[in-house]
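Structures given as structure tokens follow.
In what follows, chain A forms one complex with chain B and a second complex with chain C.
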Partner chain A sequence: MVLKSFRSILIVMLVCFLSAGFACAAQKAAWKIGVAVSLTGVFGKDGSLVKDAYTLWQETVNSNGGINGAPVELIFYDDKSDPATTAKLTEQLIVSDKVDLLLGGFGSSQLFAASPVAEKYQYPLISGGASSNKLFERGFKYYFSTLGKATEEVRGCVDIFSEVTPKPKTAAIIGADILFTSLACDGFKKYCQKNGIEVIHFELFPMALQDYNSLLMKVKNKKPDVLLVGSHLLVAMKTIKAMKEIDFSPKAVAFSYGPTVPKFVEDLKGDSNYVIAASEWTPNMPYSGKVFGKADDFSQLYIKRFNRRPDYVEAAAAGGAVAQQEVLEELGLKPPLSKENRIKIMEALHKDKFETFYGKIQFGADGANEAHPPVAVQIQSEKLENVFPLEYAEAKILYPFKPWKER
Partner chain B sequence: MNFKIDRIILIIFLGITAALAFLPNFVESEYLLRLITVVIFWIGIAGCWNMMSGYTGYIDFGPVVYFGIGSYVVAIAMTKYGIPFFPSLFISGLISGSVAFLVGIPTLRLKGAYFAIATFAFAEAMKQIALEFDRTFSVSFFQGSDGITLPISGHDNSFFFYCVLPVTFLVVLAHYYIEHSKFGYGLKAIKEAETAAEISGVNTTANKLGAYVSSAFFLGLFGAIEAYWITYITPSDVFNVQKTVQMVIMTLLGGMGTFLGPVVGATFLTLISESLGARFVEYYLIMIGGIIIVAILIMPNGIIGSLKIRKKLRFI
Partner chain C sequence: MYTVFVQTIINGLLLGGVYAAYSAGFSLIFGVMGVVNLAHGELIMLGAFTSYWLFAYFNLDPYLSAPFAMILLFLFGYVVQKYIINRVIGQPHIMSYILTFGLHLMIANIAIKMWTQDFRSITTSYSGANAAIWGLNIPLARLVTFMVALLVTWVLWFFLMRTETGRAIRATAQDKEVARLMGVDIRNIYAITFGLGAAITGLSGSVMSPFVIISPEMGLEYTIIAFCVVVLGGMGYMPGALVGGLVLGVAQSLAATYLNAGVSVAITFIILFIMLVICPKGILGKGSVA
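Let's look at the complex of A and B:
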């Protein structure tokens, strides 16, 4: 009897041991992908969006059987919006956590710090949340971005004025004095010159500026036809509020970033109408690919999971993850990855073209996404509508801007 | 008794530094080496703040300005004038120290909150200067919000370890000097009662200036090293007030105006942040905040400060 019990215990123990062994083996077979991203600090909010995008990608991939049969395991670390910490965490992910691959976080300064570490260890690093031109000027082979360069992102917002009548002749450009927004202002300037629009006012102001009324009053007195703003969400919202307060109604107002974030329309409601914004992606773009299907399918999935519509930065982040996934599938790789495999992935990322829900992705020699056309959207009846390029436009641009007093 | 303890601590400190010098030969993990370098880096930075504010009681809210100046000097020297890293590093320290000398002469005559506000304002002003200078004067120097990309060093972490270790060693050694010299007694006298110290013959302005300039010199070196390590700087990053906050918290936690305070505070906070950050990504900052509150409630003079009072030690 005792012997029987002992034997039963032994069998149970053996089963447990083997199950644990299989579980370990299964764990070892997962794709370990590391992300050093800002979850606190200045970029905490934006970084959290990127984290959500990767999480949705992971859940979708795993529910479809993983990549080449192996599930995806994401390891997130918070870099506190501090570039030195980003570099340290990137090294921690590679050396200590021994991740197979990396995905990029948010912010140009953060990616500036992470990319030399990725380059040193020969880890491809795709980001969907940084677009400073200088990121692509360092001759790195392992850094990729699904966003276009910051100066190019705003092209659509200026090119659209060649399609309106009467064509604007003068522009005022203002923007917050931080890397991304100042580059957007440079882009506005470049494309104004190309489109024959004279820039009669150019000013960068501190990000912490409180008095937007004085700044915009100065601009209003110069009577520009259009106002172009290098912005983040808060800057864009403060600008619109101040424009209404001082009754400044140029023929058009366009922002580099902000109006595409759902909070912009939620807070400003009717005041957000007629506003033009640069974008790289909206759910109604005619894009489709593996993993998420159509652009709109991705958006619906996002709404279901997070109860909000995705912004283009989130789409760009998930798009980068999809591109990396497609390379893994094409090469038929399985975890853990060797250095040689990562070199192959880097080469394939440079060589291949990807059709995804985010649109075409084709990385140039400098790692920038060259295939993605910049988009201009306009808020019409409190809804974002694509208005440029014309082949993707779902609505005609409302021009000129309706004066505040007539609304 | 105290003299004996002083000597023992100094010998232990020298021994640990000597042992650390061989560390890269034994640590194979680049990440571990980076972590150790970061700990030593923050010991040095917190020590710089302690050197000035801990001993004199003058609360400096703008030390990050000298860190930022060091970063910009090394970046401009290397990218614009092609000067190699080590001479640029030395120039960074010298320029940071020189700026501190010029700024210190008027500001160190201010007392209490006025000094704190002046130093904070100076740091913010320098950030704005770095942002606006090029546009205002139509030059390409600080490169505004675009920032400066430094040459990729290609060095592994042991290079930066050997850059940081001697600078931190000098900072800690400076603490030992402060604890055992007339200059240091002068600083402590300023903290206790400045007017009384002045009447007793302490050249208070010269003493404060000495501490302020030395602290700025070392901060300039640290700023330069980090810039070369990270390879990219912007005004918002290198003049970030968060760095000041971190060095203040580390020193307060370890013990303000103590020899080992910055060492203990920086090591404790860096390691605890590292350990909790990896396990509790969403909540670790709340946990660290809680730990700091509890530590300060139990030991209001910091870990070393409280130990010093409890054990009636003159020096540690």
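Let's look at the complex of A and C:
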């Protein structure tokens, strides 16, 4: 008898204990958000910036009580800068990790591979680090980008030349022969033609090119007024090194990407001055929204957390995360998400307009952000300054480029 | 027209000098031990990082930090050979490929963990300095590297030909069994050779650091070029690295100027293929064919 009641007490205790455990687990249900991003390989540096941006977003959201009361849990996988791996890891996140949502990594080739997987499983995928036009030409409904298209992103870098005197007449365009940078070169070409600048040299080269001197020497001999480079960080750094070595000083040099990454200025020091780069965001832009407040607040928070100013790609990535968060709040959803919920999120992303620290985000039918003006920045006295569009310019453009021998 | 051609040749020779500087160690290690060191590029990376950190923390000029890079890499190479690579000497070639490829992955990934994925660059007061003579441009840092390549080749040649250890190394390369019978400590000779190869490779990484972009994963592309250079010059033939480097440099430079940059990368592999088929002993015909 005693034994029996003891046993029933034990059972009751066990049940209580287990149900408490379940309750605990239920309370802790978090938003599982998966990111396949390059943390090693050629885009390892750029990808780690995107990781920082999402991490800061997660920390900020969680310190404010999460999204609809549920905290955010991020799962990062390293795709080693290999698009096939990005696709595989995206599938792994969806199928094995059963994440609620995804966020995009870095690089057009990577997102080009990841987005069909997201489309297949009907997961919205917002990226802030890929802008090749081809990403938007596939009729996908679940792929979104907070950046504009690559060919449009570089517009500011060319349009700015209509504001300088004497106006440059000729341009040489070179770039790495991969998806984003080759499109950036096309964009340079398009806007050169619109601005009446003659393109006297156009050449794409493989990423594996070790020696830039011979290539740039050939360009130098054609004496272009400006040099426009379709680049990532590594290409941009190698180009500046080689330009100085062969004493090539055109009137201006502009890059599609690279110089806005802080390491560019840190290591190239004075050699980075006068360099112009495409951008989509700077902390002085008059944008504000929920979560991070003003553009500058985001920048300050970044400096506090990572001890450096954010790059525009980081702002774009965090902006995408904020847009997705706003939709979850609007729909009042809680994890775990069902397939129907994800369809609703996709529809809301297409329909809504978002006011954020990153600026207006409005996704077109093809998923590209249509509400963003292209920005051009220039490195002046080893600091990034917004020089275009003129209404947001922090500084006047320094033109022409000071020849290497006079520095 | 004439100036462009001469400038192209100069660019090619200087580029070739850089190639030769970082391929000499690869050739030495292959020639003596028959080990194709797939972690070769990592030795360059470690040399370049030695200079980078000494520059970043102590503001030490990269050329002054070169001896440190040599010493560190010698010790590193000696230890790696003695305790790791020696285990596969005498086994089929594939074992050394697997082992050194593993080392390549390990070193690169540890470097990423320690120093992050950042691309780094050393900018000194004289970085990018160049001389202009008769309308021709000569980047000085590359000229220095070119001279280092010449010096390294000469010193190695002298060392192998004229010193006791050098003789022991050559004897081991020719016939290790007989060398052993003559009282040569084969394992020690191997360790010294690998250390030496690593030291001159570290030196090249250090003198290249002012004009290349440094990152933990830079190694592999250098390993590939070093392999091509050594095949071109003749595997295992020391001065071959110099000849192979210069030929490849000039070929790439001509291709970049008169065709396009894409061809200049492809030409490396076209030349490699042709050499392996037609003349596997290298341009000078003095290489060994395993």
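Here is the rule we go by: the second predicted complex is superposed on the first by the 381 of 407 C-alpha atoms of A that agree within 3 Å, B and C clash if a C-alpha of one lies under 4 Å from a C-alpha of the other, contacts with A are read in each partner's own complex, and residues count from 1 in each chain.
Following the convention adopted for this analysis, a residue touches a chain if its C-beta (ideal position, glycine included) is under 8 Å from a C-beta of that chain, and two chains touch if they have at least 3 such contacts.
Keep in mind that this is a model prediction, so the values were computed, not measured.
Of the two partner chains placed by superposition, A:Val164 touches none, neither chain B nor chain C.
Look at A:Pro206: by the touch rule set out above, it reaches both chain B and chain C.
Once chain A of one complex is fitted onto chain A of the other, the partner contacts of A:Asp177 extend to both chain B and chain C.
When the two structures are aligned on the shared chain, A:Thr40 is found in touch with chain B and with chain C. By the touch criterion defined above, A:Ala113 reaches chain B but does not reach chain C. In the superposed pair of complexes, A:Leu233 makes contact with chain C only, with no contact to chain B. When the two structures are aligned on the shared chain, A:Asp267 is found in touch with chain C, with no touch to chain B.
Contacts of A:Glu245 after superposition on the shared chain: chain C is touched, whereas chain B is not. Residues 39-41, 177, 204, 206 of chain A are contacted both by chain B in one complex and by chain C in the other.
Put simply, chain A touches chain B in their complex at residues 39-41, 76-78, 80, 82-84, 87-88, 91-92, 94-96, 109, 112-113, 116, 119-120, 132, 134, 137-138, 177-179, 181-183, 204, 206. For chain A in complex with chain C, the touching residues are 39-42, 44-45, 48, 177, 203-206, 208-211, 213-215, 217-218, 221, 233-234, 237-238, 241, 244-247, 263, 267-271, 404. Chain contact summary for the complex, chain C toward chain A: residues 4, 7-8, 11-12, 14-15, 109, 112, 116-123, 127-128, 130, 132, 137, 139, 141-142, 211-213, 215, 217, 221, 225, 252-253, 256-257, 260-262, 264-265. Residues 29-32, 34-35, 38, 128, 131-132, 135, 144-147, 149, 152, 156-157, 226, 229-232, 234, 236-237, 240, 242, 277-278, 281-282, 284-285 of chain B are the ones touching chain A in the complex.
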